[in-house]
Amino acid sequence: MIIVLKPEATPEIAQELLARIEEKGLKPLHMPGAERVVLGALGDERVLSELRLEGHPYVESVKPILAPYKLVSRELHPHDTVVRLGKVAVGGRGFTVVGGPCAVETEEQMRETAGAVKKAGGHALRAGAYKPRTSPYAFQGHGEEGLKILRRIGDETGLPVVTEVMESGDVDVICEHADALQIGARNMQNFALLKAVGRASKPVLLKRGIAAKLDELLLAAEYIMASGNEQVMLCERGIRTFETATRNTLDLNAIPWIKQRTHLPVLVDPSHGTGIRDLVVPMALAAAACGADGILVEVHRDPSAAWSDGAQSLYPQQFEQMMGQLKPIVAAVGRQLA
Amino acid sequence: MIIVLKPEATPEIAQELLARIEEKGLKPLHMPGAERVVLGALGDERVLSELRLEGHPYVESVKPILAPYKLVSRELHPHDTVVRLGKVAVGGRGFTVVGGPCAVETEEQMRETAGAVKKAGGHALRAGAYKPRTSPYAFQGHGEEGLKILRRIGDETGLPVVTEVMESGDVDVICEHADALQIGARNMQNFALLKAVGRASKPVLLKRGIAAKLDELLLAAEYIMASGNEQVMLCERGIRTFETATRNTLDLNAIPWIKQRTHLPVLVDPSHGTGIRDLVVPMALAAAACGADGILVEVHRDPSAAWSDGAQSLYPQQFEQMMGQLKPIVAAVGRQLA
Amino acid sequence: MIIVLKPEATPEIAQELLARIEEKGLKPLHMPGAERVVLGALGDERVLSELRLEGHPYVESVKPILAPYKLVSRELHPHDTVVRLGKVAVGGRGFTVVGGPCAVETEEQMRETAGAVKKAGGHALRAGAYKPRTSPYAFQGHGEEGLKILRRIGDETGLPVVTEVMESGDVDVICEHADALQIGARNMQNFALLKAVGRASKPVLLKRGIAAKLDELLLAAEYIMASGNEQVMLCERGIRTFETATRNTLDLNAIPWIKQRTHLPVLVDPSHGTGIRDLVVPMALAAAACGADGILVEVHRDPSAAWSDGAQSLYPQQFEQMMGQLKPIVAAVGRQLA
Amino acid sequence: MIIVLKPEATPEIAQELLARIEEKGLKPLHMPGAERVVLGALGDERVLSELRLEGHPYVESVKPILAPYKLVSRELHPHDTVVRLGKVAVGGRGFTVVGGPCAVETEEQMRETAGAVKKAGGHALRAGAYKPRTSPYAFQGHGEEGLKILRRIGDETGLPVVTEVMESGDVDVICEHADALQIGARNMQNFALLKAVGRASKPVLLKRGIAAKLDELLLAAEYIMASGNEQVMLCERGIRTFETATRNTLDLNAIPWIKQRTHLPVLVDPSHGTGIRDLVVPMALAAAACGADGILVEVHRDPSAAWSDGAQSLYPQQFEQMMGQLKPIVAAVGRQLA
């Protein structure tokens, strides 16, 4: 529920109303604007209807938030959120390119790959230390050892690092080493994990599940925000359809749809989205053209030797060419590569 | 099967080999190049293996066509095909914009809408006279009357016209009035119709079925080419997935995938692909960015009064803005709006 | 629109009302019952609302048909329709088993296979003379020659025969030789063909498209009925989903859903529905358990030598065992194998 | 890898080989049979190939396990596993019916509903104390309080209880109160949770994810077994497809497919599989007919007042009728309701 106060409402009145919202067991929100103070109340709809603030002398108007997601919605927060990924701003006018290998394999592999990302103009580094693998017999990641390598390489290159968290118990150690926590597609509705990263101090990159409807993605983001973390980036990474020519079906329609409904930045992962190296660059360009705030791209110093996802990883020179091709597209839609 | 002749092979030898291919019941192809003559033989694989041309003194090499589609494949025909849609060239360096309403409603509606398409710089006109409708009680189109209106408006504006054919029996009358025949998504595997348009004198715009794998789309095009019509344009228009936020899921991954495998031009229909007006322009830009040869966009002089597809039709001024936004994107990928 | 007349309404009054419906351009329906006469009016909703029959002195009540399909709906026709497939009744208390090979290959193959179907207690024979094939280079069926073989074998065994029609132009010749016309999945929304079989004198077996929603299947049946043919059988044959373990995903949920909404009989095709021989019998039993009116099963005298669909065709002895296993299941749901 | 020893191999030799497998970092398995001892070795394929046991004098044969899942596969374990759910045997000749409400709401609601399940002949009780909900503002379950109610009602009725676990940290408390742990569809690839329940002392009911391929379901079960828990039941509960007539598409094809490949019991949940009360019983019967080992059905003392899933919950009398209808179907496939 959005409560717009009259111009003459004093801070004390706002505080009194927030207290009233809170004692009903609802979540109070305070959004002071240039001209008016706006309050929010979130929670059970039946309780909301008992608040009866319409008649209050300092309340100008009360309106329901129609979307099932609230904190995530543009109804409550019309301006674009800019997420701070280390020193990089994600969202707003910039277009952010995050590159890196699927997994942290060795320190040398990370150093060479990160060097290529940096040299080509990439803004941040991605790599997994904890890997969700379909088979229990596949490489599961180096864990904390991998985190330390990632941190070291991030510091060397000056690139902020994003890495996946698979379990509530690992949130703290990952926050210690990384600049952002990634929730993978398989965990998009792991609600315990969403709540855990919602209490964390680092931004969260939330990937869409392979069978998640867009409303469900936004509600998953709502779990994180409702737990207190407002630094959330969404990521489209392909859905599962009948089509087997590509590993997944990258759903770019999601980008303008989501941007209309939420203030959160939205990235696109054309590597997982297609699963085919030759399609990564065209889809990266398409993502920029339809309004994405950035991309997440797999690149490896030697894709043919990658321990995982080699078939969808760019060669360093392809990554560099992509950066050049992105520039005019990004400019054409009124943005800039940082 | 592709048969490369030695440089010294005379035209007579080529003719003799073509005759040998034909008498086996196979389809012979003659592809003279600058340096060498290449022959093709299509048909049943068992018969192909009986040809035994490897040992022929004027044959340099024989190789199978690996793809299940042959005439459609780049293996047989590496250069891009340019299709002649009236005086407009589709494919090659240009980027073609086809606009128009879902259906021919009235002469006035067509005249105003076509005028807007022309004024904004659109290259061709689309509208249906025969409408495939899910319910037998919905408007089924004006039929031949609609074709005549379409032709008149096409002549007035100088825009070539594309319109849907739903039945073999209507191919002739549509060829008489239109510049290209559209096969709709529901008829992509109506093989009798594919063969019929394969014998027609006008180019064919073949739309992907809502549940068609990309291989199946190319094999449907193969039906048309195998029946003799080489002027085929493919069109991605959205597939049916679990996602209901959009009417269909426009699958742009298809564009670079298809362009690698076939020499035929590929258009994108973001109107049916998304079903939502606000998504049409972003997805049109994305289509241009990932390598499409053009787009097919629904526009109506007054979408709120459209008899069908109003919710996905652009207003004339949106169409005009889109043309402006397309220009730098098209240029960024090395093409041009005619 | 359903118009219930008062008990005192005479036949003349009914005729007068039907004429009034017809002159508005609507389709009139006359459904005399034991106690009351019920009339129907189908067509454009705006015209329906202009009829204004509510105030007529002999009209008891007027109610809209809520479903988008009308003739197909139980709202208009609450009792189960029984379709006459030659001398076999499909629908009602019986459970019908239609068996046969994918395609008519040779007279011997048909004779042996049909003999096995007959001997095991099968009720009807299926086989294709016109084959819809994804590739133009695959076997396309023997055409009229195949129809003649099919008719001969049907007559020899006393089994009625069902075969696919792919084109309006073939409806007559197929009606001449077969007892029912099958519309394949790819043609479920080939509206020209639906209208053509709607004018035919033989029953129609309408298969669900691989991406057809159930409402769309019922609307496709409505096309046939609205063209005059009331003898329609529906058939669930698997939909296309992300799952690749099976060729299609046989959607048995469709059976009770459809049976609630329509009076038409519904068959299940577990051969195409699964694409795997070992799954055919379990799914045939499941179809019987959840209320199907019969099954359509591929069987071949020698599946390993079948020209098409060998992997999903039963061996004759498996077909025979299936008939034995079906008996108690069919009895458990209050039906009987004829 | 499966290693069959010669008849003359002594227990000491088997131990020596198991030690050799273990010191390579592989998981050793000891499977003594009536005639021969069979050993297994699981883990990284490259390491497996270094074992070189083919030449060992007491080894009769060595063969790879072809399926990506090993412990789960019938290749390694041909006989059906029977899981002990309290005193109820799941798998084997019996057919198990688990009933209960979506969530533990109140003690009275649980007592009445469980009483109805017991009276009708149900074998076990299901209800959620921890509820995965799409929105953070929806009822999230009573947690440990709910577990205690569930345990109390289970003890009163003598029905073993199954309940969902959503987080590794809750495994212990749930094991204390419940007879089996359910992994919900959203967590099927929450690998941290799979490993956690793999170390638990209670059986696990693993539900298929809404977009999980069958191979992925079996690999998820492999995670649990590889962590040490051999008491795993699988559950088909509907997949997400384009069809919106039903909440999900219950994929019964999965049952015979899975039963061929694994020795684990497989249940079916027609409540979530269809989402529509009227379809639950027909699909329960179909599940029994195609070889499922049991069903999981939502029933509520008053579905219209249920806090969640009311539309798909049976009324107690429907549940009772279903038990009667199941009996002859279960008997027809050679099984029995306990």
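Each chain gets a letter, A, B, C and D, in the order it is written, and its residues are counted from 1.
By definition in this document, a contact is a pair of C-beta atoms (placed from the backbone, for glycine too) under 8 Å apart; a residue touches a chain by one contact, two chains touch by 3 or more.
Computed from a prediction, not measured in an experiment: that's the story for all the values here.
Student: Using C-alpha centres only, name the chain that sits farthest from chain A.
Tutor: C
Student: Could you tell me which pair, A-C or A-D, is linked by more C-beta pairs in contact?
Tutor: A-D
Student: Can we say the copies chain A and chain B touch using the same residue numbers, with more than half in common, or are the two sides different?
Tutor: same
Student: Go ahead and note the Å separation of the Cα centroids belonging to chain A and chain C.
Tutor: 49
Student: Can you work out the whole-Å distance between the CA centroids of chain A and chain B?
Tutor: Averaging C-alpha atoms per chain gives centres 38 Å apart.
Student: Report, in whole Å, the distance between the mean C-alpha point of chain A and the mean C-alpha point of chain D.
Tutor: 34
Student: If a residue has to touch 2 or more other chains to count, which residues of chain D qualify?
Tutor: Within chain D, residues 211, 240-242, 244 contact more than one other chain.
Student: Under the touch definition given earlier, write down the residues of chain A that touch chain B in their complex.
Tutor: Touch list, chain A to chain B: 211, 213-215, 239, 241-246, 249-257, 260, 273-274, 276, 278-279, 282-283, 285-291, 325, 328-329, 331-333.
Student: Can you list the residues on chain D that touch chain A in the complex?
Tutor: 42-45, 68-70, 132-137, 166-169, 186-187, 189-193, 209-211, 216, 219, 222-223, 226-227, 240
Student: Contact residues on chain B for chain D in the complex?
Tutor: Listed in rising order, the residues of chain B that touch chain D are 211, 240-242, 244.
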